[in-house]
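Before any comments, here is the structure.
Lettered A, B, C and D in written order, each chain numbered from 1.
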Amino acid sequence: MDAIKASDLIRLFETWQSLFAEQRDFLISLDGKVGDSDLGITMSKAFAAAAEVVAAEGEGAGISKLLRTAGATMARTAPSTMGTLTATGFLRASKATEGADVLGTGEAAAFWRAFRDGVAERGKAKLGDKTLLDVLDPIAVALETAAGSGEPLAKALAAASDAAERALEATKSMLAQHGKAAAFQEKTIGLQDAGATVGYFLVRSMAEFADS
Amino acid sequence: MDAIKASDLIRLFETWQSLFAEQRDFLISLDGKVGDSDLGITMSKAFAAAAEVVAAEGEGAGISKLLRTAGATMARTAPSTMGTLTATGFLRASKATEGADVLGTGEAAAFWRAFRDGVAERGKAKLGDKTLLDVLDPIAVALETAAGSGEPLAKALAAASDAAERALEATKSMLAQHGKAAAFQEKTIGLQDAGATVGYFLVRSMAEFADS
Amino acid sequence: MKKFLNDPVNFVDEMLEGIYGAHKELTYVADDKRCMVTAKPKAGKVGIATGGGSGHLPLFLGYVGDGMLDGAAVGGVFQSPSAEQMYQVTKQIDQGAGVLFIYGNYSGDIINFDMAAELADLDGIQVKQVVGNDDVASSVVGEEHKRRGVAGIFFVYKAAGAAAAEGLSLDEVTRIADKARSRTRTMGVALSSCVVPEIGHATFSIGEDEMEIGMGIHGEPGISRKKLAPADKVIDEMMERIFAETDYKQDDNVAVLVNGLGGTPLEELYILFRRVAQLLDQRGVKAKHVWVGEFATSMEMAGASVSVLHLDEELDRLVAAPANTPFFKHCILR
Amino acid sequence: MKKFLNDPVNFVDEMLEGIYGAHKELTYVADDKRCMVTAKPKAGKVGIATGGGSGHLPLFLGYVGDGMLDGAAVGGVFQSPSAEQMYQVTKQIDQGAGVLFIYGNYSGDIINFDMAAELADLDGIQVKQVVGNDDVASSVVGEEHKRRGVAGIFFVYKAAGAAAAEGLSLDEVTRIADKARSRTRTMGVALSSCVVPEIGHATFSIGEDEMEIGMGIHGEPGISRKKLAPADKVIDEMMERIFAETDYKQDDNVAVLVNGLGGTPLEELYILFRRVAQLLDQRGVKAKHVWVGEFATSMEMAGASVSVLHLDEELDRLVAAPANTPFFKHCILR
């Protein structure tokens, strides 16, 4: 598809919901290695709740309003680190897409830039700290580049997804500085960051969605 | 031997001490079936302490005084049901042997009669209630009969030991009415009573001692 | 065995050293740490003594303090203290008004407390006894004298302790203790065994998905062993036994104690209490005083018990009276 | 998983229903049981709010009451409550004198409390924050800001709560809370894992004969995993870490908290305290206030922690002040 409409966004949230339901146990065990095993639970809860409310709200609300509802719902239902950061991301994306009827490449770039900035501000992590931010930044950068050169949405998101995959791989060599993983120090080296994995999942599934 | 002298009694307590050290785990598991597993611990403690104090007191104290010290020590070191009942038994045996220089058949009969009566009074159990009393009674009766017909000590104690063994066997068909085992009701049927086992051990080892 | 201990033989004595170090309001007599008494005796008051095996903290000694008990004889793990120790405590806490023994219905304790009462009597100390037998699971109706004493003894301590603090006579304190005893019912359920330090392995075994309803606090057998049911169902089954032998009427008041056996988290105890409250509510019975926590444990045993005291006006007042002991505090600050 | 529960999804809410049923002095706002506040607000007093994940009872909500806290936002098991919930609590407990947030140093909580502080600020409510970071094992000296908050937060609540009850200003209460925080050190040791109800299996595995020194209350890794040592040796190792970064002088006073993680019997906690007292004694340091029990747990986790607060005159007075909450009572009756 060329652009994600409000009705598509509702389906995208459904996709995310099933994605995190499927990945629940994987994320539990990933977070369990150097964390507290809750990530699979919070993410599946957050996206189940978000999918439900955006479906209930309906396409008439428009892109920005739907994202805002999704973000506010997540903040309420999954107030863990990742839950609140993801919620903040969607709330900022909502602000950034105010007035937009659809998400084309330009709006997607604005979406992910705002998402990244929100997470950076709220979490105060730096690049290289082995967090979600380490995949959000390349996603935003890839989409900005694509928007600058007028790439169609599906292609732009595919490039962003590839960038996120590489960035996720790169988190393996980083040393965790935040959250529960920070306690594990050297043991985090070699492991991909759990939050970054969620970021990659989000954009990959958005890219696949746009490509379908 | 024909009679147990004060010096023998000290050695008898040593024998009892090693007996209950050996039987510690057996008694723990026996009491564990329908009780709280403590019997092996309390009996080994009680007799270790008693053996030590009677040895320290020395033969000069005489039979009665040694038994009294043993009983008082047991009451202090092992105040469980069986500990206190056994202590009471020795205290009463001490009273019953006042003035006796040795334990011949007559004195042994007095010893065990008093032991039985003390346990009966303190514990308020009836015959057939599946307790220690169910072996103490036949022991006392056998010794009284033997004393009446002038049997030598070793033979009299051997008969008492045999009677105790049969009585112990008979506890298997009884239903526990006292102590922790009473809670197990029907489940106690088929099992020999733990306290009665101790009673049998005591007299058997006294008989073997007199026979050596 | 996964315990914080040094030589298991010293388990009780080292525990007591810790307790005396932490609670200066407790002391001991006869040069024996196991003869615990309050450091602040109250002249003329009826003395209340308890005693029993260790391994049940806060039982028994934990309730020695203002508004509750005056002394406790401390036994080895799951072992009765000796008659001599009980006697020493009794002598110390008698203030001329006599002494009430309150303890649980176990043969070792009975035999020793009886002996201690005889010894005290020789000294001219008046002694009365009330023997807790609240455990519904341990014998049938009509044979209540065979029942074990478990967590419900807390209510007996509380009522008698408050009565003694009010200055009532030995007869009165005994009457009240006995009334609280006779109006208290407890049902317990165990999920896992405890480990006696000197034994070093589990007292009993129980399947990974099993519970035993009615099990005693030393691992004595209960009424039924079955698959662990949802919390509400467990409480339904336990409370049914209690309701079956009590005659609560609409608008009656009760005091409720949801007690953890040691290994069960407080969170779960509240989930259990929630259901107890619902069932009482359905009958129009009011849970006027509620305590949830660990009051009578079996070391690390996982499990819980529910005790219900059927209040009357007198017990209502006494149960709500202030108390201040190392392990139980009930205070109104404003 | 051997727990008393119904649907694991309802674990926290059913627990809360039980808590509200048992403790009428607690209530909630915003029609959300997870927004807990005292039912007896005190006009003009600085409000103190806390919050954090469930599974740590009596932490966090258990200290809401007289002389301690005014409200608590309650999260899912080991999950931060939401910023919205914290904000609702804050709005309710502000009595015009401002609100102090006291909570543990975990990223989820920080992110949400920060958001809540922003929201409250928009309403003109003055908010200050003190973030507990007492766990010595979780980061080195010089990096204390990275340390986790564990049981030692109890001392921060106690001192700040007493200061607020005395009527001090938000700045003063904050200063005192921060002083208590900076003078508190905790070391923990875990023997077994807990089970998060919705996960259903142990969070981590540990050998039958192993302990982990310094493990966090959600199972975060500690300093070393080794064979379980005798109790005295365990304490020696833990206290050494605390002594290494404190400057106790001869005759200084400290407050000590020996905290059980949930599955460890009280008896063992006293055996641990016994050794703590010996070590303090050897240095001429006086354990002026001592608490032993469960103050910050990880559900059924077996283990313990020792927290030491280095007292000065002001903290000495505040720590000893009366308090009356559902889970912590400190009272003088005579």
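Note that in this section a residue touches a chain if its C-beta (ideal position, glycine included) is under 8 Å from a C-beta of that chain, and two chains touch if they have at least 3 such contacts.
In this text the structure is predicted, and so the values were computed from the model without any measurement.
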{"item": "Fewest hops from chain A to chain B - one hop per pair of touching chains", "value": "3"}
{"item": "Where chain B and chain C are represented by their mean Cα positions, the distance between them in whole Å", "value": "33"}
{"item": "Rounded Å distance, chain C centre to chain D centre (Cα mean)", "value": "29"}
{"item": "Distance between chain centroids, defined by C-alpha means - chain A, chain C (Å)", "value": "55"}
{"item": "Touching two or more other chains - residue numbers and ranges from chain B", "value": "none"}
{"item": "Contacts with two or more other chains, residues of chain C listed in rising order", "value": "none"}
{"item": "Pairwise touch network: line, ring, star, complete, or other", "value": "line"}
{"item": "Complex interface listing, chain D residues touching chain C", "value": "2-7, 11, 14-19, 21-23, 40, 54-55, 57-58, 66-67, 191-192, 208-209, 228, 230-232, 234, 262-274, 277, 287, 290-292, 294, 297, 299-300, 302, 304, 322-324, 329-334"}
{"item": "Touch list for chain A against partner chain D, complex", "value": "28, 32, 36-38, 41-42, 75-76, 78-81, 83-85, 122-123, 178-180, 182-184, 187"}
{"item": "Sites on chain D touched by chain A in the complex", "value": "75, 78-85, 106-108, 111-112, 114-115, 138, 146, 148, 196, 198-199, 203-204, 216, 218-221"}
